[in-house]
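Okay, got some structures for you below.
One chain, chain A, appears in both complexes that follow, with chain B as partner in the first and chain C in the second.
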Partner chain A sequence: MPRLSREAAIALALIAACALFMLTSPYFATAGNLLAVGRRCVDLALIALGEMLVLAAGGIDVSAGVAMGVASIAVGKPLQAGAPAALAALAGPVVGIALGGVAALAIVGGQMPPIVATLGLWGVWRAALYLLLGGQWLSGLPRALDPLLQGVMFGIPPVLLGIAALYCIVWLVLRRTPAGPRLLAVGGGEDAARRAGINVVRTKALVYVAAGALNGIAATIYVAQYRNVEMTTGGTLALDAIVAAVLGGCSVSGGEASVLGTALGVVLLRVLQNGMVLLGLPSLWTGVVEGTLLVLVLAIESLAALRRAGWRTA
Partner chain B sequence: MSATGSRLLGLAALWAAMLVAFSIATPAFFQASTVTSILQFSSILALVTLGQALVVAAGGGGIDLSVGGMVSLSGLFMAWLGGGLAAVPAALVAIAGGALLGLVNGLLVTRLRLMPLIVTLGTLYAYGGLALALTGGSPQRGIPASLAPFGRDALGPFPLSFLLAALPVYVIAQFALSVTPAGPWTYATGRNEAAARLVGIPVARLRLAVYTISGALAGVAALVAASWLQSARPDIGVNLELDSLTAALLGGVSIAGGSGSPAGTLIAVLFLQSLKTGLQLSDVNSIWQTGMVGLLLLASLQAERLLRRGSIAA
Partner chain C sequence: MPRSRLPLHRAARRIGAAALLAATMTATLPAWAAGKPQVAFVPQIVGIPYFNAMQAGGNKAAAEFGIKFIYTGPVDANPVDQLQIVNNLIDQGVKAIAVSVLDASSLEPVMASARAKGITIFTSDSDAPKSGRPVFVAQASDQDLGFTIIDELVKRIGPDATVGIVSGAATATNLNTWIGFMKQRAAAKYPKLTLLAPRYAGGSAEQAAQIATDLMTAHPDLKGLIAVASTTCPGVGQAIESAGKIGSVVGTGYCSPNTARSYLKSGAFGFTVLWDPAALGYLTVWAGQQLIEHKPFAAENMVPGMANPVSFDAATGVLLLGPPAVFTKANVDQFNF
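Take a look at the complex of A and B:
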């Protein structure tokens, strides 16, 4: 039975969603609104790319968003103190890598289940966010990072070029280097991967550090865009990222990843959120829609798989 | 068995040491009212943690991240439907509502064979989000006033909710797990699913039952909270997934499944709640509690791993 590829299915869903919102809201297809949607995709695109790698390696990271929040402080504080923009921009990925290293230490070194370890880290990073902010928001930061957002080539800002480059690099690593199959093999089954001579510990550790780096780059871009850091910065991004990656065809049990699917998942999620607001649904419904969407997508997938396999009762 | 016993003794000793430390550091801590306050909060956490412990103990990657959402939402069921009712029917609404939410989790996990962590992550946001969205975030009236004594009164230093809800539930659970087949079945399923199936244990039905029980216990916790506050707060369950998981693991439930006891779980709940109350009385921001609980979760996972390695080596 020919089946639609995941990327094609999600692209169709995206087109359908856009068509629906264009019909129901005259405001949806305006340049201003589309630009706003695009802006909201930027930080999520990077967090979701990291989450995709983590999921593909058989893990999960519910602390990714808050980790970005902590890294944002490392960007915002020097900026506030008038440090050179390049230094502040670099602080994001450096701190992101350090936080990813802590996650790797807990999950790989400490052999903790990723969901439990990152839930614990979520609590710790939230307290760290509060401690580092000292109860005050960083706001009205200098515009020193603005060059990242202003158009250079054909009006395309460096931020977008950077994200596109990172997606290409991750795709190349996954599909054109031996590291890709190694990572997917670890996600598919650690024992089998180990027997095949793959260094499971190093592969998993590298994945969390790479995801940390992406979270850190997202932090730099976040500060450049919003020029503030709050207690709640990054609070919902981990769920957003998991939903986007799962929409994009990442298996939550590991061993599968789609770079293009994840990118489309990010855009679809943000379009849906934007459309909901335009249709007058209060933003409090975001969590309901996302949680339900996550379970629904997985349920439909599982039903289809079970039907193909023939129902075998447990 | 003796390993479990010494572990519980160690935890109890740690708890006693912490109580002494708080009494010295914070004079406000050393009062009879502190005992009442700790036990009142403990009732809620204890009920939720027992459900969490059963879900984790039954194995198969079992985890219930949605407990907080279920507590918030079943409290609202009670406020909406229980308005004109007497105390007992109103209480049953909360418990049945919670059980229904837990049943949905259980069906998704057992029938569609989805991973518990992703199902309950989705329903955490779906249930918790629904509670916020349907109320706009404001507490709901409609809790029968006849429940106020149950939620607020105390017998000496012991709150009625602890004596009439938490304690009996734990006694029943301890009895059920040690005398009826439910105990051996749960532990056997958690330790080795395939073997459990071979000896005829209905693995899927057992797991369906533990998720439903977790929901029902969340309903009882909602009943305790709503009787106490005389309103249903849509955010009452926030962070309960972190707290309950930490308490369950601290009390000797192995994250891999197959172990744990109600007695150990209750001691861990009292330990955790004393820590939180102590920090609160020392005027520390509540976000520190989140950080401390997160650290405690990571530490108890490490302790379990090291203890297990020790027992295998010995």
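Take a look at the complex of A and C:
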């Protein structure tokens, strides 16, 4: 029996969801709605891409969303003070990389389990958000970053093209350079990777820094889109990103990554969230549907694995 | 003795002794040194715009009524620190101390001991209803907050309209209470007003923006959007701007002027409803003066410097600032919180 790849399965789920929403809501398949859904995929797509790399290397980062929040302040404050847009835009990735460096230091240098280290950092970054904002949110920031979002290239907002380019780069690095197999080997088993002569420490550290850079880019785009930073910025993004990456084929135990699957996972999540509002389903069902979907996918996955294992021993 | 070996409780005792010494020294400064009666207000946390505004209002009242106003509070909303500060004020002999309560249970015993010393502790902004406080200076009633937002919205969009509600957490009691009063008002006074079922954005402006956008897509006839949690205000305002719906959808919510300023000015928000913390601070100092002078509160009180009479409910001991404040494009720049 040919095994349905995770990418194909999630693409089918996405098509089914879109078909359902098209049939039940006259507003789903309108240009305006699809563009709105596309735009709101942006920051999640970036965070999920970073999360995918971290998961592939056998780690996890629950602080990614809040780290984006902290980096957003670094973008928003200069904007508010009237600094040049380019400077503010660059502040996002710079601070993102710095925060990723701290995560790397804690996990690789401090030899801490990633879930514990990033839970700790989640608390620290949240407090930092609070302290840096001092109870006064940044809101109604100047529109200096609008050039990032406005305009249309080949019928698509340039920011979406930028994200697509980043996904392609990560795919190339994973599949066409030696760094890809090294990363997956570390995620598959650090001891084996070490014996194979891979610099595990450097690989893991680089992964957190790269994810930090992606969080930082997400921060710049977040500020450009929403023009505000409040104490709760990014609070739920890390969880959504983990769900999207795992739906897309990442394993929570490491060693697996799918760039296409992650992208599809992001779109599926956002389409589901959109459709449920369009259909007028009660708010609380959003969480139920997302959670159930994740559990179902993982259950089907492990059942399939069991069956394959059964065949082999039979 | 190596410092690391210093037992913790001994260290604590030393610090305690030092604090006691400091407290005694301040206490020996006569309270009447300034020649003016003293009223203190202890906020939940210092250094945030909301309480800064209360402080400014308190200062204004102090100048008006010839009071010495003391404003001091914890730096991190810690109930233990707040209690310590209240104790220090008692030791200093401040006659009336208002507290925006962080932890009602820990404050109750302190109140009793203060009473024994002829000092009155009362509450403002956040209450401790069972503490036996003589008065709670309240910002606005939940019912008024719920009714006002519907009334003001109907003034702008008419009574025959569909309105979306974006709230924060589904479990937040105060937000749900306000939504309940909105529904009650709509049902009783505007039968043609359709309030959509509230949607919950958690705490995030991003999710609020998504929900607001989707509500506008799903209901092309939508005329109003209410941001119930303050964290949802920027998201709702931003969504109306991005959707190009300024003018056809009126945004509103329980948003501070600083949070909503740009959306009020762009027209995405027609108005916001909250109370004026500066007026609350002003009223708090006035109430403190009444307590010091042993003047009872009347059912309706004329407070010099305030436009409307202030009601006092003897049964609950609530001194109500008045109807909620409505912030619009026209008046938003007069406020900074």
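Quick notes on this structure:
Keep in mind that, in the parts below, the second predicted complex is superposed on the first by the 300 of 314 C-alpha atoms of A that agree within 3 Å, B and C clash if a C-alpha of one lies under 4 Å from a C-alpha of the other, contacts with A are read in each partner's own complex, and residues count from 1 in each chain.
Here is the rule we go by: a residue touches a chain if its C-beta (ideal position, glycine included) is under 8 Å from a C-beta of that chain, and two chains touch if they have at least 3 such contacts.
Because the structure is a prediction, the values reported are computed rather than measured.
When both complexes are overlaid on chain A, chain B and chain C end up clashing with each other. In the superposed model, A:S25 makes contact with chain C only, not with chain B.
Look at A:L34: by the touch rule set out above, it reaches neither chain B nor chain C.
When both complexes are overlaid on chain A, the residue A:A9 reaches neither chain B nor chain C. In the superposed model, A:V173 lies in contact with neither chain B nor chain C.
When chain A is checked against chain B and against chain C, the one touching more of its residues turns out to be B.
Residue contacts after overlaying the shared chain place A:L284 against chain B and chain C alike.
In the superposed model, A:I60 lies in contact with chain B only, and not with chain C.
When the shared chain is aligned, chain B comes close enough to touch A:L298, but chain C does not. Once the two complexes are laid over each other on the shared chain, residue contacts for A:Y226 go to chain C alone; chain B is not touched. Put simply, of the chain C stretches 76-84, 148-156 or 274-282, the part that bumps into chain B is 76-84.
Within chain A, the residues touching chain B in one complex and chain C in the other are 135, 231, 282, 284.
The touching residues of chain B, counted against chain A in their complex, run 63, 65, 108, 110, 112-115, 117-119, 121-130, 132-133, 136-137, 197, 203-204, 241-242, 245-246, 249, 255, 285, 287-288, 290-298, 301-302, 305. Only residues 25, 27, 30, 32-33, 36, 40, 43, 134-137, 139-140, 222, 225-228, 230-237, 273-274, 277-280, 282-284 of chain A touch chain C when the two sit together in their complex. Looking at the complex, you find that chain A touches chain B at residues 60, 62, 106, 110-113, 115-117, 119-124, 126-128, 130, 135, 231, 239, 242, 246, 252-253, 282, 284-292, 294-295, 298-299, 302-303, 306, 313-314. Remark: chain C residues 45, 47-50, 170, 196-200, 202-207, 209-211, 213-215, 217-218, 220, 231, 233-235, 237-238, 243, 258-263, 265 touch chain A in the complex.
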